[in-house]
Amino acid sequence: MLAEFVAPKIDWMALSPLLVLLGGGLVLIVVGSLTTTWPKRAYSTYTVAVAVGALVMALVQWHRISDDGPKFLINDALSFDAFSMFGTITILIAIILTALITDDFLRREGMDGPEIYALYLMAAIGGLVMVMSNDLIVLFLGIETLSIALYVLAASHRRRIESQESGIKYFVLGSFSSAFFLYGVALIYGGTGSTNFNKILAAFDNVPAERKDTLVLVGVGLLMVGLFFKVAAAPFHFWTPDVYEGAPTPVTAFLASAGKVAGFAAMLRVLVVALPTWRDDWRPVIWIVAVITLCVGAILAVVQTNVKRMLAYSSISHAGFILIGVEAAGHVNGSTGKGMPSSMLYLLLYTVLVCGTFGVVTLVGRTGDNATYLDSFRGLSKQKPLLAVAMTVFLLAQAGVPFTSGFVAKFGVIRAAADSHSYAIAIIAMLSSVISAFLYLRILISVWMIDPTAEDDKAEAIRVPLSSGVAIGAAMLFTLAVGIYPQWLITASEKVTQLAGR
Amino acid sequence: MNAAIATPTTTWYLLLAAVLFAIGVVGVLVRRNPLIMFMCIELMLNAVNLSFVALARALGDIGGQTTVFFVMVVAAAEVVVGLGIMVSILRKRPTATADDLAELKG
Amino acid sequence: MELFVFICAGIMIIGGAVGVVARSHPVHCALSLVATLFGVAVLFVAMEAHFLAAVQVIVYAGAIVVLFLFVIMLLGIDRAESIRIDPIKVQRPLAGIVGVGLVGLIGGAILQSRDAIKARGDGLAVANADNPVHDSNIKQLANDLFSNHVFAFELTSVLLVIAVVGTVTLARRPSKRGASDQSEEVAEKVAK
Amino acid sequence: MIDSAWLIPALPLAGFLTILVLGRKLGEPKAGFLATAAVAGSFVVAAGVFLDLMSKNGEDRNHIIKLFEWVPVGSFHIDMSFKVDPLSITMILFVTGIGALIHLYAIGYMHGDPKFSKFFLYMNLFVLSMLILVMGENLLVTFLGWEGVGTCSYLLVSFWHTSESNASAGKKAFVTNRVGDFGMMIAMFFAFQYVGSLSYDSINGSAHAGGSLPQTAATAMVAMLFVGCCGKSAQLPLYVWLPDAMAGPTPVSALIHAATMVTSGVFLLTRLAPLLAYASPWIMTLIAVIGLATALFAATIAVAQNDIKKVLAYSTVSQLGYMFLAIGSGAYVAAIFHMITHAFFKALLFLGSGSVIHGMHDEQDMRKMGALRKVMPITAGTFIVGWLAIAGVPPFSGFWSKDEILLFAFDKSPILWAVGLFTALLTAYYMTRQVILVFYGKARWNDQAEEHGAHGDIKPHESPVLMWLPLVVLAGLAAVGGVINLPFNHSTEKLMTWLEPVLGHGSERVLASGTEDIKWILAGIATLGAVVGIGFAIAVYSKHKVKVVEPEIMANGWNYDKALSGFMGGPGRDAFEGVAWFDANVIDGAVNGSGKSVQGFAGILRKAQSGFLRTYAAMIGIGVVLLLAWFFYRGVSQ
Amino acid sequence: MNGLSTSLAAQVAATEPLPAGGRFPILTMLILVPAAGAILVAILTKRRPEFVKLAAVLSSVLTGALGLWMLASFKTGQAGFQLESKHEWIQAWGISWHVGVDGISLFLVVLTGVLFPLSILGADPHHDEKPYLAWLLLLEAGVMGSFLSLDLFLFFICFEIVLVPMYFLIGGWGYDKRIYAATKFFLYTMFGSAFMLVGIIATVLIAKNNVGHITFYLIELADKGGFAGSTGRWLFFSFAIAFAVKVPLFPLHTWLPDAHTQSPTAGSVVLAGVLLKLGAYGLLRFGVYLFPSAAYSTRAIFLTVAVIGIIYGAIAAAMQKDLKRLVAYSSIAHLGFIVLGAFAFTEQSVTGSVLQMVNHAVSTGALFLLVGMIYERRHTRVISELKGIQKVAPIFAGVFMLVMLSSIGVPGLNGFIGEFLVLVGSFATARWWTVVAASGVILAALYLLWAYQRVFHGEPDEANKTFPELKIKEALVLLPFAAAILFVGIYPKPMLDRIQPSVNELLVHVEAKTNGDFTRVVTPHQDATSDEGSDGQQGSETATTEVKAP
């Protein structure tokens, strides 16, 4: 006897950002591999166009959600709500900026071709799935889609042995942590009977509040390992400095932006949407991990000499900040707190910042992508004053200086923490940001205050190509504009609490 | 032999999976050949698969098996890419162990 | 009967796994892996997951392990690794602690919640009682795959595309234009 | 005329401003004359005001001129107000009078100095400050003048600043005075807290039992005020700056460090006489004892000095001690009386010594002088008048004032009187010594010329008319100054009558009847003491009948100054260095250390970031175990 | 009585509706004009440096003029905030652009407006003038914003943004250890504000219960916040740490000597002149005003630390070998007086404290300018390498003397008025602290005169023989300082009349919020002395003559 097969209904419109990316990516792969090399900038222009298309669709969906309200898609596999669209938009912005930075980089390094861009687009699909997922399996597949693309991207600079090394490290550790994640999924599945968020949530609906399940709890722990790894939270951060340093710089930007956004969105979704029943169990973990992450990121950055590595540690420290938002979200049942909006806002602002920062580092890296040491930045203010200004803005924003988006971001999470009376972590975070300010200052010292030596003058001149210039300039303007007038973004971010099904 | 005792329950399978998983983890930690490390990860994935199937049976839910199917696809994709990366780096330095890949540190 | 199968397969699995971890020669490791994979497949069969058992043998034992062996041969890294001592001294004790800890904690959790799993399974059985499914394993699987997990299924296609594109990217030789070739540098580093 | 009393400070101010702007253009000697004219103008106005006041009843002689509100904050109002009453006009008259004379003298004395006009700039500023000091209606205005004169003193002492010792002397004067100012400020704080006002009238008005000012607070106030006076009026233990301050030009020594500024402490305490009367009696005794101790102490030092100005400087300290003895004995009028006579004769002596120095081409060592009466007769003559006055030889002014003080001291305690008398004897002795060394005996200036060949050819000469004219005037005043308060009967005690309304209750001249009866006997003893002192000095220095006794320790001022600077340069400085070290190494060290410790910690942490894949995996593994342990614990502990 | 009338006036002012929107927003422009100037300077071409300089000077002068205009439109005798303007900014977080000025901030704003053009004109950066000017103008905007804002958020971001230009000024145009100093300055200050940010947010969120909605509006929070007990103390401390670092209070002061010494002249002037005031001002405006009971109950700590700072700063100053460092340590001592006054909680002491903020800016600013001029001439600031300058440059020495005397606190000059008011007020409530603090005046004379002696007195050696005299341009820059030193010293009434009502209201506020723990000190004879007619306490018929100042 054959059970009646019910084909799920699919709201294609709601999937449109995903579909645009998929279509664009496939076209790029097919056409790109069939034709000879495209003209200069064509690949990146195409990628940007696709991403912009997806972005437009996402914005349309955003408004649609505002009007029609959130819902689930495809047998509850995905949730279609403001949260997922906010994440989608963030990831798409990351794609656009990264593609612009990548353009000249690839030609400079003699690696031009459609593959990298195709991988960006495909990875973005993984990211989008992660932010939209409403099922642990879908989430796992999203993670893998993103991760596998990132492994390849990290290793894609064939001439730099560091790139290969970072690829292999990322790959082994990534798979390792994915296995933990997956085991967590299995245990949760065992404890709740499903991998779907709605069902996981419902599984303990009728059970008394104090009734927990060790299996599920351990599963949650394993799940968190995978997510912590993804967002580079200590002590699961060890891959980050090595991979950030080794990967081609634009890829690092992608890793730090899209990768982090997707990871955190997934973490928020899992913890806040699927596992609020156990929030008293996972919140202390987030607390302690956030503290360790903040400290590790800030302290280890102090002794670095490679700017990419410094920024890697700084991204760890930023992860700590976002974890504060997650922690705050764990104080209330459901999504009503300030935690989710502040984290998502932080992610959006950080995405633009980090893309801009690595954009500058890409240019300073010069041919070979190796001149990313502090000394390489000497004389930047003399050679390319505007680039130096942009770098300054980005770094100050990362340090959380007012009138930049970075301050708004930090303010948001600190506010969320204070709102849930987590003053201790707020203070710790601010103090760690003092330590990490030192690292930004060190870069600024190289940029502005140390005169270049004769040897530095002999080094290859820094070029600022159009596409990178556009990306960096746009990121800088965004950073400042949001810093001065953040109202609209804050309002938008506060909508992310309207989750599907709640 | 008492039949009641003789039938292995889900717990047995799960424990077996847990042991397999732990062996995989230990393998990743102690082996220096990246290929073998990767094999150990495959062990971990298999442990998960085993758990899934056992749980699916216990719960009477086919979803666990479906999941295993996806895990296999992921494993296959990972192997392809992972071996690709390993080939590309090991081709240049065939004797390299995981410990030799330590240019990036600090 | 099931006990016998379980014990045999269990020995095979654990033995294979220990082999992967403990054998010094990569080829031996790969072969041990096959043993484990077979053992798992056997248990799949024991748990009536026939389709998965088949796939396990075909994909894992067949394709993946072959791929491993292929790479080992291709790169010529088929020499034994000295596993007597570990250059990183703390590594093995650490691995031991982690391994024991994992088994202990996860095993403990499993033992703690074995009743819960049972209850959960009973609960689900009750829930599905009015719509009993007696399809064959493959049909059930297919039904589930294309209804509840259709999105995930489609997603796997993206995953595979990425795998393809990724390997292509990795395989592509860097073009000569643009940057000066740094292979000499690389060679130097390797020589070091 | 009283209404135009604001002109009194305004004229020196105008002089100051004019010289400030046009000083260099005016040059020598116009700037000097301008400055002199400004001060003389003040004197004329003051004389007019004085006559105006005289014409009024005793009760109406208190007049307040309010210029503007100075520091008004809430309930606390301090006006820039001047008080014109018998006390202040007395002070004004002698300040401007002597000031004008000294200005005139300075035109001659400063002849040829490259900073001629700047000197008069400072001098006018000084007179302005001094006038503010004495005219102030409240403590704060007085304090303005108080600090103003201190600053001018600093500027003028280090006038020839290229010499390190002059610069140090100026600094020493200022800093020591600051110690006194500290006391003065505390006294003002007390006044504000308990009286709510700093005006003299308010303070004196509340200084009675049952007023808002408790007696303890009043006592504390007086004590703190006295600390201020010790600084300004060079009493023990803060006298150290005054001998050094002689490094300034001699007119400065005469005006500031003899006649006016240093006496302002006496003025201040007199001004607050009702407060002093209200305070616990022990504080008065303390003032008397410290005053007398200073007098004796300085006199012993003066005996052994060789610098012509140092002798006068220690003499000044000694005489100031007398004045405080008077205050402490309740003899405010006597204090003011002695202040005035002292101003006459000490200014005279300083100017005379300046004339000698001028004539000797800046030689100040008395051992290199001698027999100068022949070459500088006017100077010698006037100096001798001054000597007689200070030595207390009747009928010169010093006799009358000193006698009055000793009388009151006797009234308070015969011991005070005895010591005072001995000091008077010493005074007569060392002043005689000075006169003999400078003007009599053998002319020793040629010895030096021979020693040094043509190089040190010194030809002493009489000073120009601009310099000796003031000498003559002052000599006249020093001779007859005593007439303002002759103790024959109430009508001859003009100063007493004049000041009585100011001093208020509790400051009337009340002597025990026994004392009143023997006052002429005491006066006779005092005269005898002076004669003995003079005679002994002649025996030692002129007739050489007695061996010269000038112990080293007395020449060094009982090593007090040395010990003090030894302490400041030694342990004091070490303590300061210690604080600086503490700051640089402990406090800043902690800051830098925390930075370093972060780096050190990072150095340890980064060891985990070894680059080895397996280490990272192990870290993940440990993380997993810890995480699972937590969740397991949560699971089983439910 | 006076207090009553001022608080009445405050009520009248408060009930007055805000003037119609048509009024020119002076305060907003005070912030925006320098900011716009900074942007203008930044985008002008480097090839025409004269235009760049002109733009910078014009915008700073314009700001100064606006400041004076504000001073002119300020209504004397009113306690409340004036010239307020408010615009919605970040509604989602209850934040608005809300600026206003009262007696406490008034002169600090004027001072900022005047000090910047002077320091732009008075000191030469020697290289990269364009960014230098841009940073300076940005700094001005930040400082203005901090002084004017009535919104905690606005205040914080202005307070914090100030670090950036200052960091670049020190790091880019400073002396040999500039990078160390700049980094230390930045991190140390940021360390302090880390606590404050959390404190601000917590304040706002905790106050939500009492206020009813989220707002960062200072007055609303102060009136309705009701931060009692330990909550108030914790919040207060989070603010106080930031301000204590900025002031700086012992033992959080060590960034200051380095920053001052290594900073270019204009940076030092501004640092001493206005940046340090941010801390002191913040303590009053945001510490005491928001958390009166916490501030009052912990005053002993602040008094003690302030007094330690006075003595300690002076002693450390005396031992410095670098002239600029000496002045820097003297700042620590002077700021000690300011904090002492603020935490003595009397009308006189707090008024004196506010006045002293301005005075310190004038005298120390001028001292830094002078030290800068010495450095320009001699390329050293080491005291032992300078000698006998008074002989070759008497006017220069004279100006230095005047400024130094002001710094010592000689009556008749500005420094005295503030110091005296602080001490006289503090004596009533904090007697022993005041006694110790007053001994600081001795030390001030000691270290400054000693330094003066070593630098200016004596016979100039070879190196100092050619020390050039004060130039006309320099004299013109110093002239306003000298004028201010004299004017405030002789006639501080116009300033005191504007400061006092606001201070009084602050104290009334503290009294109302501390539930009887604190009562304002009422000095005896208040009525008698405030009534000018009855000066004569003796009962004698004292004649009084009013004379117009000649």
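As written, the chains take the letters A, B, C, D and E, and residue 1 is the first residue of each chain.
Rule of thumb we're sticking to: contacts are C-beta pairs under 8 Å (C-beta built on N, C-alpha and C of every residue); 3 or more make two chains touch, one makes a residue touch a chain.
As the structure is a computational prediction, the values presented were derived from the model and not from experiment.
Participant: Which chains are in contact with both chain C and chain E?
Facilitator: Common neighbours, chain C/chain E: A, D.
Participant: Could you tell me which pair, A-C or A-E, is linked by more C-beta pairs in contact?
Facilitator: A-C
Participant: Compute per-chain Cα centres, compare each with the mean of all protein Cα atoms, and return the closest chain.
Facilitator: That would be chain E.
Participant: With chain centres set to the mean of the C-alpha atoms, which chain is at the far end from chain C?
Facilitator: D
Participant: How far is the middle of chain C from the middle of chain D, if each middle is the mean of its Cα atoms, in Å?
Facilitator: 99
Participant: So what's the Cα centroid distance for chain D and chain E, whole Å?
Facilitator: About 36 Å separates the centre of chain D from that of chain E.
Participant: Could you please state the distance in Å, as a whole number, between where the Cα atoms of chain B are centred and where those of chain D are centred?
Facilitator: A distance of 96 Å separates the two centres.
Participant: Nearest whole angstrom, what separates the Cα centre of chain B from the Cα centre of chain E?
Facilitator: Distance between chain centres, rounded to whole Å: 67 Å.
Participant: Got the chain D residues that touch at least 2 other chains?
Facilitator: Only 595, 606, 609-615, 617-618, 621-622, 624, 628, 632, 635-636 qualify.
Participant: Which residues of chain E are in contact with two or more other chains?
Facilitator: 187
Participant: Of all residues in chain A, which are in touch with two or more distinct other chains?
Facilitator: Residue numbers touching two or more other chains: 137, 141, 144, 148, 151-152, 155, 158, 161, 168-169, 172, 176, 180, 183, 187, 190, 193, 213-215, 217-218, 241-242, 303, 438.
Participant: Report the complete set of touching chain pairs.
Facilitator: Every pair of chains meeting the touch criterion: A-B, A-C, A-D, A-E, B-C, B-D, C-D, D-E.
Participant: Using the touch rule from the top, collect the residues of chain D that touch chain C in their complex.
Facilitator: Chain D residues touching chain C: 610, 612, 614-615, 618, 621-622, 624-625, 628-629, 632, 635-636.
Participant: Can you list the residues on chain C that touch chain B in the complex?
Facilitator: That would be residues 2-3, 6, 10, 13-14, 17-18, 20-21, 26, 29-30, 33, 36-37, 40, 43-44, 47-49, 51-52, 55-56, 59-60, 63-64, 67-68, 71-72, 74-77, 81, 83, 86-88, 91-92, 94-96, 98-100, 102-103, 106-107, 110-111, 114, 117-118, 120-121, 124-125, 128, 133, 137, 140-141, 143-145, 148-149, 152-153, 156, 159-160, 162-164, 166-167, 170-171, 186, 189-190 of chain C.
Participant: Given the complex with chain D, which residues does chain E contribute to the contact?
Facilitator: My answer: residues 1-3, 184, 187-188, 251, 253-255, 312, 315-316, 318-320, 347-348, 351-352, 388, 390-391, 394, 401, 405, 410-412, 416-417, 420-421, 423-425, 427-428, 434-435, 438-439, 441-442, 445-446, 449-450, 452-453, 456-459, 490-493, 496-497, 500, 504, 522-526, 528-530, 532, 535-550.
Participant: For the complex, which residues does chain E have touching chain A?
Facilitator: 89-93, 156-158, 160-161, 163-164, 167-168, 171-172, 178-179, 182-183, 186-187, 190-191, 194-195, 197-198, 201-202, 205
Participant: With touch defined as at the start, can you tell me which chain B residues reach chain A in the complex?
Facilitator: Of all residues in chain B, those touching chain A are 14, 21, 24-25, 28, 34, 37-38, 41, 44-45, 47-48, 51-52, 55, 58-59, 61, 63-64, 66-67, 70-71, 74, 77-78, 81-82, 84-86, 88-89, 92, 98, 101, 103-106.
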